[in-house]
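Below, subunit A partners subunit B and then partners subunit C, in two separate complexes.
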Partner chain A sequence: MAEFYFAGVDVGSLSTDVSIIDDSGKVLSEIVIPTSVNGSEAAEAAFDSALKLTNLSRDGITAITATGYGRASVAFATGKTTEISCHGVGAHQLFPKTGTVIDIGGQDSKVIQIDSRGRMLDFTMNDKCAAGTGRFLEVMANRLELDLDELSSSKNIQGESAPISSTCTVFAESEVISLLAKNTPREEIVHGLQRSIVNRIWSMVTSIGIEGEVTLTGGVAHNKGLVALLEEKLGLTLNIPENPQTVGALGGAHIARRAYHISLESGTN
Partner chain B sequence: MMIPDRSEYLKGLAQTGQKIMGVLPALYPRELLWAFDIHAAEIWDPPGEILHANAHLQTTICPIVKKSLEFILKDPDIINAGYLFPHTCDSLQNLGTQVKDLIGVSLPVYTFYNPKGSFNNTTIKYYRDILQNFQLTLETIYRPLDPEKLLTACELSHKIDSHLLAIHQARMTNHLSLSNEEYFKLMRAQEYLLPADYLNLLEQVDILDQPGESLKTRLMVSGILPPTSKILEFLDELGVSIVADDLLAGSRRIPKFSMDAPSSPIDYLTDRFFVLPPCSTRGGDLDERMHHISTRMKDSRAQGMLFDMVKFCEPELFDHRLLVKTLREKSIPVLTLETELEHHISGQDKTRIEAFTELLFDMVST
Partner chain C sequence: MSIRAELKYKIMKDYGAPAVMAFQDFKRRKPRPVPEAFGPPLETNKRLKEILSRHYFLSRYVPGVKKVAWVTSGAPVELLRAFDFYTIYPENHSALVGAKKQGADYCGIAERSGFSQDLCSYARIDLGHMLSGKTPAGKLPKPDLLFCSNNICQTVLYWYKAIAHELNIPLIHFDAPFVTTEQTEADINYMAQQLQDMIPILERVSGRVFYQNIFEDILKRSMETSKTWGAILDAMKAQPAPMTIFDAFGHLAPIVSLRGLPVAQDYYHILMEEVDARVSMGIGAISDERYRLIWDNIAIWYKVRFLATFFAERKMNFVTATYTNAWAETTGYLDVKDPWISMAKTYGQIILNNNLKHRLDLMKKMIKTYSVDGMVMHSTRSCKPYSVGQFDLRKAITADLDLPAVILDADIADERVWSEQQIHTRLEAFCETLEGSKFG
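== the complex of A and B ==
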C-alpha cells in the first residue's frame, strides 16, 4: 500500500519552519531555521534539512502547503494558506480543546478563534507597527545588552516593574534609554516591557473574546516571563506546545493532507 | 464598456468652456447645479502626495480632507466655477471655512448644510429652505433659475437613479458580469462625467437574463470609498465578489427604491434626499442602519462584511463598533481594514484578506 506524506513550510519574517507528517498525522520531523534575507532559499534549505531527518526524498512528499508571510515564494509547494488558518489547525492538532490561539511571532501577533474542528471563526492581527511582537522584544534586548534567554527569564518579573507607557517600539526604546540613565535595574525594565506586550496582546484578545482553551504559538511562547504574565492577565493556564514555532508548519501539513484526501474523494487527483 | 479617464475627461471639458464646480463629498443637490449649466466634478481622493495640506491640518484629519485640500491648493485649472462643501462631517465643514476665510482661493466657496437626522417635519422644512437658499445664491451670481431646466435636470437624475438601482439589484443577484474593479469604476464615473454621458454609459451596461456562473465567495463592503483598486484587484484574484455595498461613494447615494418621475422639482429633491439609505454622515438611528445592512446582506446572500475604514473618519468610526458587535452576534464574519488611500497593498492586509477568504470559504465547504 502506498504511503503518503505531507509537509508544511512556514516562511515567517524571522524563522522558516518545516513540519513533515505521515498519513496518520504523526510528526516525522520538524525544523526551525532563520529566514535571513531570502525567503525562497530559506524554504529550500529548511525543507531539505527536514527531509534529512526522515528517510524521504522530495518526491516522496505527496503535498506541501506553504504558509507565512513568504508563502508565495515557496516554488515547490502544492498549495498555499495563510499562517492564520495554519496556526488554528496546528493548535487544534496539538490541543484539540483549543478555542483560542494566540500566535506571537517576529513581526505579527494574531489572535485566532477556532471551532471544535480547528476551523477559523474569527481573527485579529496587530497593526502596522512592531508593538506586541517578538521583534519589539529583540530591539529592547539589544538596547539592554541582554540576550533573548536572559530577557525571557521568569526571574525578571518577580520584583518591581518599571513604568513603560508606550507600546510603540520607537517611543518605548527611548523610555528604556531614560530608565537606564536613571539606573533603573534591568529586571524592572524587562518586567515593564513584558507587561506592555501583554497589555497589547490582551487588548487584541478582548476585541474578539476567549473561547475554550487558549494555546500560545510562535517563538515568543519560549519567553517564560511573558508567558507567566500573560497567564496572570488572562487568569488561565495557557497550552504551550513543545515546539511553538512549528505549529503553523504543522497546521500547513495537515491542511495539505486534508486537501489531498478531498481531491481523492472527488476524483480530481 | 469604455469609461473615460477622470482627469483627461475634465481637462477636455474645461477646454470647451464648460463651467465646472469642484464638489467635496458627499450629498448635494446636483440637479440645481445642472439647471445652471454647472458641471459638478466631485473631489474624493485626488491622486498625489500630501505635501502642502499638512501645514494647514492636524495630523488626525482623514486623508480625504487632506487630499482634497492638497488638490485645491494646487489651483487646478479644471475647476473654474468655485468649490462646494456639503456638511458631511465636521472635518469637511472646517475645511470649507478654512478654504474660504484663511487659505483664500481665488474662486468662490459655497457651503451646503445638509440636515442631520431622519425624515420628519422639521428636517423636511429645513431641507426645502436650504435648497431655496442655495438656488438664490446661484441666482445672484448667474441668472434667474429656469424652472424648465430644473425639471429636466430632475428627470435626468431620475433616469440615472433608475439605472443605478437596476444595476445595483443585478449585482446583488449575480446578473452582472463585471469584476469588482469594473463595477466600482462604473459607480464612481458619476463623480466626474456629465450626467448625459453617465446615463449613456449606464445604458450600455449589460444586465444578464440568467444569473452568471455561481460565485465562489460573496462579500459585502461598508465604508466611505470602495477599497483601493489594488485591493479590488486582489479580491478579483482570490475569486471574492463584492455583491453588495454600504459605501458613501456607492449605494448610499442611490435611493432605496424607485421613485415616481418628478413633477415638482423641489418636492422631488426633498423626497429623494430622504429616501437615500441610512448613512453615518447624516446621523439618524443606528438600528435603522443596521437593519438596512442586514437586509442588503440577506438579499445579496453575502457571507461576510468587509469594513474598509478611512483612517480618522469620525462619523464612520462612531458607528463601526456597534455594527461589528451586532454582526458578530449574528455570527456574520467581519473583517475591518483601515485605509489611508495608499496606492499599494501591504503584506499584512493581503494576509488579512486572504485569511478572511479562507474563513468564508471553509464556512461554505462545511
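== the complex of A and C ==
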C-alpha cells in the first residue's frame, strides 16, 4: 500500500518553518530556521532539514503547501495558501475546540475566528505597523541588551510596569531609551513592553470577538510574561502549542492533505 | 469679457476640441488587449474619455469668457450652473492625479509648504497643484470663486479657505448640519435660506442675473441625470452584472463634475442603453461571475486596475458600492416645485452627512438586493468621515448577514500608503474565506 506524506512550508519574515505529516495526520518532523535575507533558500534548507529527520526523500512527499510572506518564492510547493487559513487549520488540529486563534508573528499579528472544522470565518490583522509583533520585541530586546530568551523568561506580572505609551516601534524605542536613561529597572521596562503588545492584541480581539477556546500561535507564545498578561486581560486560559512557531506549517501540511484527498475524490489527479 | 478670448473659446470648442479628440482616438487606435478574466469592455468608455478630456481641454480657454468656480463633490452645483460658471472639481482632478500614480509627487509639494501628511490626499494634491501649477490635464484655469459644502467632510472648508487666502478670491460655504437621527424642520429651513442668500453674491461674482426658469431647467436636468445614473447602478443587480464597480468608478465622473449640464444627461442615456443591452444579452463584465461583492468607501485610484484584475481572476465581481450610490441616493428628493427645500433635503442627507445607523441599513439593503456574497471595506487615511465607524459596521453586518468581510488599510490617492504584500495577504485570506469549502 502506497504511503502518502504531506508538508507545509511557512516562510515568515523572521523564521521559516516546515512540518511534515503522514496520511493519518501524525507529525513526523518539524523544523524552525531563521529566514535571513533569502526566503527561497531558507525554504529549501528548512525543507531538507525536515526531510532528514524522517527517512523520506523529496519525491516521497505527495503534496506541499507554501504559506507565509514568502509563499510565492517556494518553487517546490504544489499549492499556496495564506498563513491566516493555515494558522486556523493548524490550531484546530492541535486543539479541536479552538474557536479563536491569536497569532503573533514576526511582522504582523492577527486574530482569526474558525468554525468547528477549522475553517476560517473571519479575521483581523494589525495595520501597516510593527507594534504588537515579534519584530517589536526583537527591536526592544536589542535595545535592552537582552536576548529574546531572557526577554521571554521574564514573568513579573505583579511587579511595577514602566509606561510605554507609543504604539509605534520607532517611537516606543525612543521611550525605552529615555526610560533607560532614567535608570528604570529593565524588568519594569520589559513588563511595560509586554503590556503595550497585549493592549494592541486586545483591541484586535475586541473588534472581532471571542468564540470557543483561544489558541495562541507564533513565536511570541514563548514569552511567558506576555502570555500571563494576555490571559489576565482576556480572563481565560490560552491553549499554548508545544511548538507555537510551526502551527502555520502544520496547518499548511493538513491543507495539502485535504486538497489531495479532494482531488482524488473528484478524479482530477 | 474680451471679444478675443470669446472668439478663441468658440473656435476651440467647435474645432480645437474635436481635433484633439480625433488625435487621441488615433493614438488609441490599437486598444489594449483585454485579459481573459474580463468580458468585452464597455463601448461607452470611449465617450467617457472624450467628454472628460474635452472638459479639461476647454477649461484652458475659459478665462475671460466665463467665470470659473472650484467646487466640492457634494455641493449644490445646480445653483452655480444658473450663472454659467465653468466648474472644476478639485476632487476629480486629484483622483485623476492619483490614477496616474503621481499623487505622492503632488502631496510632497504641499507637504514641503507645511501642510501635514495627515491631511486628506485630495486636498494635498490640489494644494500641490495650486502651489506649483502642475497638472496632468495640461493647465487648469484659476478660480474666480470657491464653492464648498461640509456635507462630505469638514476638511473641505479649511482646504478651500487656504486657497481663498492664497488667491484672494471669494469662498461660499454651504453649511449642512449633520443628520444625527433625522433632518429637522429647522435644519432644512436653515439650508434653504443659505441657498437663497447666495444669489446676490453669485450675481456679483458672475456679472449675471438670476432667472428662476433657467435654474429650474437645470434642476430638472440634474434630477433626470441622477435618476439615469441610479438606474444604471440598479442594472448591476443582474447576474452576471453588466459592469464592475471599477468601471462605475470611472463612469461616476460626469455625474459628479458635469451634473446639471446637457453633456452629462446625454452621456448617461448612452451608457444606460449599452448596459441594458448587455443585461438582455447576458453579457457580464467578467467572464465567469461566481461571487458578488460590495465595496465601501472611495476608490483606491492608483490600484483600480490591480484590484479589478485580482478579483476578476478569482471570478469575483464588485456589483455595488456605497460610493457610486452616493450620487443617486438622495436625488429623489429634488423637486422643481419646491427647489430650495428639496435641495436642502437632497444635499443635507447624503451618506457622509448621515448617521451610521442610516449607513448600516443602507448597506444591508444593498447586500440583499444585489445578492452580495462578501464585503470589502477600504479604510482610507484621507477620508475620516467615511472610514470612522467601519469596524462597527463590519461587525454588525458580518454578524447579522453572515457575510465575510475584509478591511483594507490604504489611501485614495497617496500611493505611499499602499503596502502591496500586506494587502495581498488580506485579500487572499478574504478569498479563502469566501471559497471556504476547500479547507473543510
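Please note the rule applied: the second predicted complex is superposed on the first by the 265 of 269 C-alpha atoms of A that agree within 3 Å, B and C clash if a C-alpha of one lies under 4 Å from a C-alpha of the other, contacts with A are read in each partner's own complex, and residues count from 1 in each chain.
Criterion: contacts are C-beta pairs under 8 Å (C-beta built on N, C-alpha and C of every residue); 3 or more make two chains touch, one makes a residue touch a chain.
All of these numbers come straight from a predicted model, not from anything done at the bench.
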| item | value |
| --- | --- |
| Side-by-side fit of subunit B and subunit C on subunit A, or clash | clash |
| Partner chain(s) touched by A:97 [first = subunit B, second = subunit C, both, neither] | neither |
| Partner chain in contact with A:58 - subunit B first, subunit C second, else both or neither | neither |
| Which of subunit B and subunit C A:82 touches, first, second, both or neither | both |
| First, second, both or neither for A:108, with subunit B first and subunit C second | both |
| Subunit B versus subunit C as contact partner of A:259, first or second or both or neither | second |
| First (subunit B), second (subunit C), both or neither touched by A:121 | both |
| Comparison of subunit B and subunit C by subunit A residues contacted | C |
| Overlap of the subunit B and subunit C footprints on subunit A, listed as residue numbers | 69, 81-85, 108, 117, 119-123, 125, 127-128 |
| Subunit B residues touching subunit A - in the complex, by the definition given at the top | 328, 333-334, 338, 346-348, 351-352, 354-355, 358-359, 362-363, 366 |
| Subunit A to subunit B touching residues, read off their complex | 69, 81-85, 108, 117, 119-123, 125, 127-128 |
| Interface residues, subunit C side, partner subunit A - complex | 391, 395, 398, 404-405, 407, 409, 417, 419, 421-422, 425-426, 428-429, 432-433, 436-440 |
| Residues of subunit A touching subunit C in the complex | 69, 81-85, 88-89, 108, 117-125, 127-128, 207-209, 255, 258-259, 262 |
